[in-house]
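Both complexes shown next keep chain A, but they swap its partner, so chain B is in the first and chain C is in the second.
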Partner chain A sequence: MKNCRIGVYICMCGTNIAKIVDVESVSKFVSELPNVTLVRTYKYMCSNPGQEMIVQDIKENQLNRIVVAACSPNMHERTFRGALRSAGLNQYLFEMANIREQCSWVHDDTKEATEKAMAMILAAIRKVELHEPLESMSVDMSPNVLVIGGGIAGMTAALELADAGHSVHLVEKNAQLGGNIARVDLTAPYLYSARDLLTERLTRIRDNKHIKVYYGSKVINLSGYIGNFTAAIQKQNGKTGTNHDPVEIHIGNVIVCTGYKEFDASRITHYGYGKLPNVITSFELEKMIRAGRIETKEGKVPQYVAIIHCVGSRSQEFHTYCSRVCCMTALKYAHEIKSANPKCYISDVYIDMHAFGKGHEDFYLRSSEAKTLFLMYEKNDRPVIHRAGPKDDCEMLIEVNEKLSGELIEIPADLVVLMVGMEARPDSAEVAHLVNISQDKDGWFIESHPKLEPVATTTDGIFIAGTCVAPKDIPDTVAQARAAAARIMAKISKGKIEVDAVYSEVNEDICSGCRFCNKLCPYSAIEFNEKEGHSHIISALCKACGVCVAACPSAAIKGRHFTDAQVLSEIDGLTQTIQYVEP
Partner chain B sequence: MSIRVNPRFINDLVLFGAEDVQLCYHCGDCSTVCPHADEVYKFPRKSMRQLQMGLERKIETTLEPWLCYYCGQCSEQCPREAAPGETMMSLRRWLISRYDFTGIAKQFFKSGMTEIITIIGFALLTAVFLFYYGYSMGNIHIYDGKGAFLSSPFIHKFDLTLGSLLLIFLAINAFRMWYFTMIKGTKVPVPWWLYVKELYLLPWHFFTQKRYSECESKRNPKIFMPWIIHLGLMLGYVIMLILVMVFIERLQSGPAIQWQVHIFGYLATIGLVTGTIYIIRNRLNKTYEQYKKSHSTDWVFIVLLFFIVLTGIAQHIFHRTGLYELANITYIVHLMCVVPWLLRMPFSKWAHLVYRPLAMYFAAIRRDAITRREISLKSNSVSIK
Partner chain C sequence: MKEQKPKLKLAVYWAAACGGCCVSVLDVHEKLFDVVAAADLVFWPIALDFKYKDVEDMPDGHIDVTLFNGAVRNSENEYMARLLRKKTKILVAYGSCAHLGGIPGLANFFTGEEIFKRVYEESESTINPEKIRPQHEYEVPEGTLEIPVFFNDVRPLDRVVDVDYYLPGCPPQTERLLEVFLAIVTGAELPPKGSVVGAGTKAQCDECIRKKTENKLIKKFYRPWEINDDGESCFMEQGVLCMGPATRSGCGYRCIKGNAPCRGCYGPTADVIDPGTKMMSAIASIIDAKDPDELEKIISDVVDPAGTFYRFSLPSAIIRRKLL
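And now, the complex of A and B:
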C-alpha cells in the first residue's frame, strides 16, 4: 500500500499487559515493519495524555493510519476513534489489537504471549493498511410513537411522550385502559388505592390531544426501520366477526408494554383449585375485596384464611423465576382481611419472604405485629389441601412440612388464597414476531443489555417496558415506561438518526435475486425489490453481522469495513511465524 | 401423623407475658448467643416457633423453658425485638399453669386482679380466724408461754397443716410434670437406673443453681449479681421455711435469744432482705433484660415476700423488746401475708423451686437416654462396602 504512514501505540495497561507481554520487544519488532512510521509504548493509552499523544503525533508526523494495541474494542474503540476525529483523521482509519483480554490475561508464558501480541499487532497493521475512510449517514426520525398495551406502563409512557408534545398512538386490546392494575384494590406496601393511581392517568389521557387511543384494537403489521416505521392497526370485533379496515400510521419508535398473564392455578393439582370451592386465586380475592365482602362460597365469614405463596413461581415444574410482587401482595391481603375481620386468623404459607423493595421490610414487620402466622415450606415440597372432617372447626386442612420447626403440620383454613405468579402472555410470541424482538425461555422479551440497556431491544426503535420484560412491581414498571419514553425523546430531539457507517451493501449489478440473504438476516434489514429483481439492504437496520456476506452465492454483498481483502490481509498477518528471543 | 397448628394459642400466651413472639422471623441469633442451648435442647428459637404455631401438645412436653435462667442475652441480641428471653419466661408461666391440675394457676396468670382479691380474701380469713382463736384461748398481752395469744404449739400445728396442704398440691403437680415430660415427651426408652444415676443432680442444682452462673460463660463483662442474689434469696427462703416448719417453738420462745436457732434466722433474713430489695429496685428501674418486663404475678411474688420479711423482723423486735401486744398484732399481720403466700405457692412462679431442679434432673435423664439410643443404633448399623 502506497503512502501508508501508520502509528502503532502499545498500551501496558498498568501492569495488566506488561507483566506478561514483553512490551519493549514488541515495540522493537513493530518498528521494523514496513509502513510503520512510529511506535510508542505507554502505561495507559486510554488516559487523556495517552489520547493527546495520538492527536499530536497524527498532526506532527502526518500519520494516516492508527493501530492501538490495548484492551478489547468493546472497551475503548470509541475513545480512540474520538482521538482520530479530533486530529482531523477519518475515524475508520483505525484498528485495535486486543492484547489484554485475548492475550495477557489468558496466558502465563511470556514467550508465547509476546509472540501472540506481535502477531495480533501485525494482523491489525495488515488490516488497517486496507482501511478506507467511511462516512456515517443519517436518516429522518419521525416524532410519532406507537405504544402497544394500555396498562400502567403503556399509559405512563404515552403520557410522558404526549406531555412533551409528541403524537402518541396507544393501542389497547381490550375495550378499556388499565390492564392488570384495574383488577387490584390497594397496592403494597403503602396501601395506595390502585383506582386512584389509574383514574388520574385515565383523565389525563382523555384530555390529552396528542394521544390517540385505539380501543379493542391490535397492531397487525409493522414494517420499516427506526425513525420510519409503518404500522397497521385493526379494530377487533370478536362478536360479529366483521373485520374493520386497518388504519395505517407512520411512527419513528415503538414501545411494547403488553404486560403479563396470571398463572393458571388449576395446573397444580395439590391445591384442588377448581375442585374445592373455597380455594381461590389472588385475583378472585381482589374481586371480593373490591366488592367489600370477604366470604366463602357458602356466604360465611371465614375464621381461618390461609395464603399460599409461589403458586406457579420458583418451581422446576412450572416457572423457575420469582414473580416479585406476590410476597408483598400476600402481606397486603393479610392486612386487608384482618382489617375487615379482626377475629380472623391468617396463615401465610411461604417459601422465602422476598421483601426487597422500599418500604417492604417495614410492611413485613407490621404483618408480623398483626400476628399473621408465617409458615415456611421447602421449594419442592408443596402443601396439600384436604377437605376437613365433620368434627373440625374449619372447612379445609392444609398439610405441609413446616421448615422452621421441622414438623409435619395441618393448617386450618376456611378460605385458601393462591398467590398466582406472573407468566408471559400466550400471544407474546406473536408480538415478538411482529416487532422483531426475541424472547427468553420463559417467553419474556429480551432487553439489549440486562443491566445497561434495560428498555432497549436488539431492534433499533423498538423499546420494551413493564411486565412483558419480566415480573416487576408498579414502581419498577413506571420507571421503565418513563425510561423508554426518555430514550425515545432523546432520539426525537435530534431530528435525525445517525447510522453507523459499518454496514453491508449489495452490488445490484451482480445480485441474482436468489433471496437467500432475505431469510437469513436476523435483523430483517434486507428487502427485495420485485421490480428490479434484486435485494437491497436497509443500512439503518443493518448491524454488520456479515451473515449475508458469507451466504451470498454470487459474492454480491460487501461488508463495509470488513471487506474480503481486509479480512484476508488480517489473517495473513496473524499467521506469520514470529520468533521471540528473550533480550 | 401431622400436628394441628393453633393460631389462637399466641393470643392466649399474651396473658402469660409473651407479647412480642410474633415478631420473630427465625434468624436463630438467640440460640447462637445462648450459653445453654445445645444439640439436644435447642432454644429459644425452637420454643419461639412452637409457640407461634400453637403446638400446645409439644410445648407441654418440653423441658427447654426450665433450662433457661433468663440472663437476657438473647433479647439483647434479637434483631426483631421479639424478646425471646421473656418468651421463655412466659412459657414457664404457661407450663406452671399446665402442670397445675386445679386451673387456679391459669386464673392467677391471666388476671392479676383475681389473684390480688384471692390473696386479700385469704388474708382476711386468716386474720378473723387468728383473732378469734387468740381472744378465745389467750391474752393479747401475753406473747409466749402460758396464756399466750398465739401459743407456739398451736402455730406449729397450724404451719404443719399448711405445709402438708402445700406438699400435696406440689407432689401432684410434680407428678404431672414427670408424666408430661418423661412419659409423653421422651420418645426414646428410659431405663429405671438412669433415674438413680442422675439423682445427685436434684440437690446439686437445688442448692447451687450452678446453671444460673453458667449463663455468664459467654458474656463479657460477666454479670454475676442476679445469680448471687437469687441464690441468697432462695437459701434464705428455704432456711426460713425449715425453721418455721421444724423449730417454730424454739424460735418463738423468748425473750432470750436462742443462738443455735436464731443465727440461722438472721442469716436467712439477710438473704431475704437484700434479695427482695435488690429485685424490687431492679424491677422498678428496669435495669437488666430480665427485669424489664414484670408480669402481675412477679410483683405479687416479690412485694408479698417483702411484706413477710418486714413484718417478721418487726414482730421479732417487738417480742424481744417486750412490746407483746404489738408483737402479737404484727404476728397476725405477718401470718396474713404468710398464709396466702404459702397457699399460693403451687399455683405461682414460686413453684419453680421444685420444677427447675426436677427439669435439670429429667433433662439429664432424657439426654442420657437419647445418647444410649444413638450408640445402640450405631452399633447395629450395617456397614456397606
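And now, the complex of A and C:
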C-alpha cells in the first residue's frame, strides 16, 4: 500500500502486558517494519493521555493508519476509534492487536509471548494497510413502540413510553392484562397487595390515549429493522372460530415481555401432584388466599401445612437454575397461612434458603420467629409424600432426610404446597423466531451482554424485559421494563439511527442468484429480488457476522472491513517467522 | 483496388494439453474463411508445419495474437511460453489448462517421482523390469539427445509469463473465441489487461433456467445417477454437487442443459481468490447438520472432494500442490 503512514501504539496495561511481553523489543521490531512511521509504548493507552497521544501524533506526523496493541477490541475498539475521529481521521483506518487476552494473559514464557505479540501486531499492520475509510449510514427512527406481553413488565414499559408521549401498541394474548401477577395475592417481602400494584397501572393504561391495547391477540409477523419495523397483529379466534384480519402497524422498536410459565408439578411423579388431592401448587394456594379461605379438598381448615421448595428448580432432571422468587414466596405463604389460622403448624422444606434481595433476610428472620419449622433436604434426595394411616391425625406424612440433623424426619401435613419454579413458555421458540432473537439452553431469551446490556438483544431494536429473560422478582422485572423503555426513548430522541459502516454487501453485477445465502442469515438481513434475480442485504439489519460472505460461491458478497484481501494479508502477517532474541 | 488492411498475425500453441483446445479452434468450421481473410496463421503445430526455429527467427512482437493452450508441465512448455511471450503482442491463456492449470494440474497432488514410478513401473499395462525411465540427456554416437525436463509442478501460464487475457473453458466455446477474435480484428476497444474474455461476469446460475429457491440446505449428497432428476430443479437442491454457482457463465451452461451438473471449467468469478475453497466454503455453509458425526457422514458422500472442487484449478489455488 502506497503512502501508508502507520502509527503503532503498544500498551503495557500497567503490568498486565509488560510483565510477560518484552514491550521494548516489540517496539524495536515494529519500528523497522515498512510503512510504520512511528511506534510508542505507554503504560495505559486507554487513558486520556494515551488517547491524546494518538490524536497529537496523527496531526503532527500526518499518520493515516493507526494500530493499537493492547486489550480486546471488545473492550476499547470504540475508545480508540473515538481518538481517530477527534483527530479528523476516518475511524475505520484503525486496527487493534489483542496482546493481552490473547497473549500476555495466556502465556508465561517471555520468548513465546513476545514473538506472538510481534506476529499479532504485524498481522494488524498488514490488515490496516488495506483498510478503507468507511462512512456510516443513518436511517429514520419511528417513535412508535410495540410491546409484546401485558404482564407487569409490558404494562410498565408501555406506561413509561406513553407518559413520554410515544405511541405504544400493547399486545396481550389473554383477554385481560396483568399476566402472572394477576394470580397473586400479596407480594414478598413487604406484603404489598399485588392487586393494588396492578389496579393503578390498569387505570392509567385505560386512560392513556397513547396506548392501544390489543386483547386476545398475537403478533403474527414482524419484518424490517430498527427504526422501521412492520408488525402484523391478529386477534385470535375465540369460540367463534372466525379468522380476523391482521392489523398492520409501523414501529421503530419492540419490547418482548412474554413472561414465564410455572413448572408442571405432575412431572415429579412421587410428589403425587394430581393424584393426592391435597398436594397443590403455589398458584393454587394463591387462588385460595385470594378467595379468602385456605382449606383442604374436603373443605377442612388444614392443621398441618408443608411447603416444599425447588419444585422443578435446581435439579439436574428438570431445571438446573434457581427460580429466584420461590423462597420468599414460601415465607410469604407461611406468613399468610399463619395469619389466617394462627394454630396451624407450618413446615418449610427447602434445599437452601435464597434470601438475597433487599429486605429478604429480615423477612426470613421474621418468619423463623413465627415458629415455622424449617427442614433442609439434600438437592438429590427429595422428600417423599405418603398418605397417612387411619391412626394419624393428619392427611399425609412427608419423609425428609433432614440435612442439618442428619436424621430421617417424618412430618405431618394436611396440605402440601409445591413451590413450582419458573420455566420458559412453550411458545417462547415461536416468539424468538418471530422477533429474531436467541434462546439459551433453558429457553430464556438471550441478552446481548449479560452484564452490560441486560435488556438489549443481538437484533437492534428488539429489547427483552422481565421473566422471559430469566426468572426474577417484581422489582427486577419492573426495573428491566423501565430500562428497556429508557433505552428506546434515548434512541427515539435522536430521531435517526446510526448504522455501523461494517456490514456485508452484495455486488449485484456478480451475484448470479444462486440463493445459497438466502436462508443462512441469522439476522434475516438477506432478501431476494425475484425480478432482478439477485440477492440483497439490508445493511441496517446486517451485523457483519460474515456467514453469507463465506457462503457466497462467487464472491459476490463482500464483508466490508473484512475483505478477503484484508484477511489474507492479516494471515500473511501472522504467519511470518519471527525470532525474539533476549536483549 | 481497395487498400488492404494489413492482416493480423495469429499463432496457436499447445503445451500440456489434451488437444481439445486446438480442436475448438478448428471448430470454427466455415468461419475459418473469415478468420483467414483477416489473419495469417503464422504458427500452429497441430495444423501447420512450422518449426520452433521459425518462431525463434521472428522479430520480437511479430505475432499479434497467440492463443496459448495447455499448462506448463515441462521445460519445453516453459521455453515455448517464454518464447511466444517475447514474440507476441497479445498473449491469451486459452482454455482451462493455460488459465488455471486444468485437469493436468490435478497431478500436483503427486510429486514428479511418484508420477514416473506409477507410469513407468506400476501401471497395469506396463512391463518394464529394468525400470527404464526417460532421461533428460542421452548419449548416442551421433551426439547428445535431449528431451524436456519433467517438473514437479504443473503451472498455469501466468505463473510463468505475463498474460494479457484469459479465455476460459475446457475447451472454450468456439462462438466465444470468434467473438473475441472479431473484436480484435475490428479494432473494438479491448478490456483492461488481465481480464477474462469470452465469458460472463456472473456465475452459471444467472443463465441456468433450472428453478432455484431459497431451500438450499443439504442433508445428503447424491451422485447424478443416484437421483431421478426432474430436469427442472436446481441440481444443488436435489443434493447433487454442481459447480455452477461458483463458475463463470459463458458456455451457455451446456453441461446442465445436457442434464449433467457443471464441472467448473470456466473457472471462478472475478473476485474469487481460491476457487476450490470458495465452493467448499459455500457447500459447508449449506450442510444441514449440527452434530459432528452427522456432518462427517454427510461430507463423506462427496466422492473425491479435491478432484471435485479443484478439478480445473488446483495449480492456481493458494495451496497449489501436495507438500514436497
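The criterion applied here is as follows: the second predicted complex is superposed on the first by the 582 of 583 C-alpha atoms of A that agree within 3 Å, B and C clash if a C-alpha of one lies under 4 Å from a C-alpha of the other, contacts with A are read in each partner's own complex, and residues count from 1 in each chain.
As a working rule, contacts are C-beta pairs under 8 Å (C-beta built on N, C-alpha and C of every residue); 3 or more make two chains touch, one makes a residue touch a chain.
Since we're looking at a predicted model, the values are computed, not measured.
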item	value
Superposition on chain A - do chain B and chain C clash or fit	fit
Touching partner for A:K519 - first (chain B), second (chain C), both, neither	second
Chain B versus chain C as contact partner of A:A429, first or second or both or neither	neither
Chain B versus chain C as contact partner of A:L191, first or second or both or neither	neither
Contacts of A:V106 with chain B and chain C, given as first, second, both or neither	neither
Partner chain(s) touched by A:A291 [first = chain B, second = chain C, both, neither]	neither
Three-chain overlay, vertex chain A: chain B-chain C angle, C-alpha, nearest 10 degrees	140
Partner chain in contact with A:S554 - chain B first, chain C second, else both or neither	second
First, second, both or neither for A:L404, with chain B first and chain C second	first
Chain B versus chain C as contact partner of A:K371, first or second or both or neither	first
Which superposed partner A:V384 touches (first chain B, second chain C, both, neither)	neither
Superposed arrangement (fit on chain A Cα atoms) - minimum chain B/chain C Cα distance in Å	42
Residues of chain A touching chain C in the complex	507, 509-520, 528, 533, 547, 550-556, 558, 564-565, 568
Residues on chain B engaged by chain A in the complex (per definition of touch)	1-5, 7-8, 10-11, 22-26, 46, 49-50, 52-53, 55, 58, 80
List of chain C residues in touch with chain A within their complex	201-206, 212-217, 234, 236, 244-246, 249, 268-273, 278-279, 281-282, 284-286
Of all residues in chain A, those that touch chain B in their complex	304, 345-347, 353, 365, 368-369, 371-375, 397, 399, 402, 404-405, 407-412
